[in-house]
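Next come two complexes built around subunit A: one with subunit B, the other with subunit C.
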Partner chain A sequence: MRLFFKLVYRDINLVIKGASDTGAAILFYLLAIIMFPLSSGTDTNLLTTIAGGAIWMAALFASLLSLDRLFRSDFEDGSLEQIVLSGMSMEIIVLSKCLAHWLTNGLPIVLLSPILSLIMGLDYEYWWILAITLLIGTPSLTLIGATPAALSCAIGKGGVLTALVLLPLMLPVLILGSGAISAEISGLGGKGHLYALSAIFPISLLVSPFLASRSIRLGWE
Partner chain B sequence: MINKHIIYAQNLSFDRSGRNIFSSLSFSLDSSESIIIKGKNGSGKTSLLRCLAGFYPITRGKLLWYGEEILPAYYSEKPLISWLGHFDAIKGSLTVRENLMFFMEIWSVNINIFHEVVKVFSFEKFLDFPASWLSAGEKRRLSLLRLSFCPAKVWFMDEPTTYLDMENKEILISIMSKHINSGGSIICATHENFHLPNTKEYSLG
Partner chain C sequence: MKNIFNFLANPSRFRIFAKNVYPFSLIGMFIFIFIGLWFSLYNSPPDYQQGETVRIMYVHVPAAWMAMMVYLSMTIMSIFSLVWRHPLADILSKCSAPIGAMFTLIALVTGSIWGKPTWGTWWVWDARLTSVFILFLIYMGHIALVRAFEDEYKGARAGAILTLFGAFNLPIIKFSVDWWNTLHQPASVIKLDGPSIHIDMMVPLVLMAFGFLFFYFSFLLINVQTELNHRKLKKLFIKKLN
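After this line comes the complex of A and B, so read on.
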């Protein structure tokens, strides 16, 4: 457990020192949402309708950008081999990397969302449902993304390929997340969506460490 | 009898992508022993090290660590080997100290041992440099420094002399000898002629 947090701390430190794309991914998230109203006109009603979906799409792409390098730099410079030889199980390494990724990517996305909902013209009373869907959804995005990120190390290339594998896998989270917001706005209530969205998290938490660690080991073979 | 050996390998074979890399290797490694693996480029030295560590699955044969069917890459109690590979596992954006501190903490290394080793490699003045400022030879020395404070008894070294100058090769050989004399073991793939105590030499290919 002590090793787990050491690794989380190291990964966050690496993000702060600018060794990964995570900071840039957050800026991308901000910029994409700021640019969205500029490209779709001044119709406030239209913007309000699509605000939830647009913010969710931006969050998805921001996660995608940084997930691509979740394991890559440690895989390529041999750090991952050193860490797994240090008496840490691969599954724990995957989980700690996911936690570090969520703290530096998912959490800022959640924290920025109320401000961004203003930019998108989402009614003030609905900011909380947006924030809650992102809070529940982004950990699942990170966990679901871990396996394709690990696989991209195994085949030695990433970028667009990771995105192609990842996007379909993330669809349920996207549909439920943005669906909860529109259901809440339409007056139906988004609770059902929220429950289903929360169910994805434990499933991905149980499955993804095993799949991702197997994929990394495949990359070594 | 087998239980006494740190590594016991019997008839190890390894095929990769349909090509036989090595076959029917049998050897054992005990404490205070070293094995030097020699062979041409592409003869399978690195593959052998990676098989023994558990990164590559052996095709045939029997491989035991401490008499049990465990492998360092799958063992999560404590580090079984200290590994020096082709990749340096150094983060350029962190300082030398931060790079070392991370491994010190996950290996629970005493700070005194750390200072001692830093002195051996004369790395004191580099500690607060970003690791990206180091030259290739200095990075290799940093990897050696990390290798030598790892609590694991067995050192796996894959061409450790790469990028090193004559003076540092001497230091390398002296720390390797010291490690063997104090009860440790080494498996080293190299092209150099090392004079280590208590050594066995195997040729591949």
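After this line comes the complex of A and C, so read on.
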């Protein structure tokens, strides 16, 4: 357990020191959201209707960008092998990587979302549903993305292929997350979407460490 | 039964098996599809609401079934490949993916053509249509991923992992019409209290479904033969170099 937190601490430290591109992904998140009003007009009514979806899409792309190198940079310079030699099981390593990724990528996205909802003209009373969907959804995004990210180690290259494999798997989270917001705004109540969204997290928590560690081992075979 | 599986596990033996079984499968495909087409185009009643457009169903529904069936078989083969490292399961799974993707595309396109006269729109983003579209994207991701590896063995393993991960989509597709309010109609053939479709429409539907099943077998057998020949050629080439 001590090793687990040490590993999380190490990964967060790497982000703070700028060795990983997770910080850039957060900047990308802000930039991508600014693109929406600039591209589809600054009409407030229109912005209010697309705000939830736009913020969710930006969050999805930001985590996609940073997930690409979730394991690969450690895999390539050999530090992942050294971590495995410490005797921790591969599944726990995957979980610690995911936790560190969520703390540096998902959490800032959630924390920034109330401010961004103001910029996008989302009504003040709906910021909480946006924050809750992101809070439930971003850990699932990280966990779902872990397996394709680990597969990119085995291929030896990432980029478009990882995105191609990753996006269809992430779509349910996007649909339920932005669906909850639009259902809440239209007065139907977003609880149903929220329940389904929160069901994805435990399932991916169970499945993805095994598949991701299997994929990393594939790179060493 | 176990002996048959062990016997066919050897790729070169399977190649001979595939070569011998392929003509029968092709004949089965032609017989079922021709009789099925005759039934569905001439010998089945038009729908009392939709009229003649209901005949699209005889292509659309079997294609959609096959799209899911192929993915289900790929899932089972992936378990075989990951747990028992079965050499043939990798190849079968790799060769199934393009056929499954094509069935999914047929289901989407015919559904769209059927949707225009009956729903008044080519496409709606309801749960059934979206989940089938996601299935198509997963197929395409699988095809791209498996072929991205230089080592075929690794590529097949990676494909198996992706297939297992994407299998979450199958129950969503099946139950999407029950869980959400969709424009797509709920299940009327495969459900717990028996089919609610009339026998005159059921017969061509089942015939076409068998035709499509044999279509899958035939093309799978061709693909497997090509893949095995390709691998053998590579081995011979390497042997020659040494």
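A few notes on this one:
Note that the second predicted complex is superposed on the first by the 221 of 221 C-alpha atoms of A that agree within 3 Å, B and C clash if a C-alpha of one lies under 4 Å from a C-alpha of the other, contacts with A are read in each partner's own complex, and residues count from 1 in each chain.
Basically, a residue touches a chain if its C-beta (ideal position, glycine included) is under 8 Å from a C-beta of that chain, and two chains touch if they have at least 3 such contacts.
Not measured: the values here are computed from a predicted model.
Once the two complexes are laid over each other on the shared chain, residue contacts for A:221 go to subunit B and to subunit C alike.
Once the two complexes are laid over each other on the shared chain, residue contacts for A:41 go to neither subunit B nor subunit C. By the touch criterion defined above, A:187 lies against neither subunit B nor subunit C after alignment on the C-alpha atoms of chain A. Contact with subunit C, but none with subunit B, is seen for A:175 once the two complexes are overlaid on the shared chain.
Contacts of A:203 after superposition on the shared chain: subunit C is touched, whereas subunit B is not. When the two complexes are overlaid on their common chain A, residue A:161 makes contact with subunit C while staying clear of subunit B. Contact with subunit C, but none with subunit B, is seen for A:211 once the two complexes are overlaid on the shared chain. Overlap of the subunit B and subunit C contact sets on subunit A: residues 221.
Those residues of subunit A lying in contact with subunit B across their complex are 3, 6-7, 10, 13-14, 17-19, 76-79, 81-89, 92, 217, 220-221. Within the complex formed with subunit A, the residues of subunit C that make contact are 82, 130, 134, 137-138, 140-141, 144-145, 148-149, 154, 157-158, 161-162, 164-166, 168, 172. Within the complex formed with subunit C, the subunit A residues making contact are 147-148, 151, 154-155, 157, 161, 164-165, 167-169, 171-172, 175, 203, 207-208, 211, 214-215, 218, 221. Put simply, subunit B touches subunit A in their complex at residues 50, 53, 55-57, 72-73, 75-83, 85-94, 98, 102-103, 105-107, 152.
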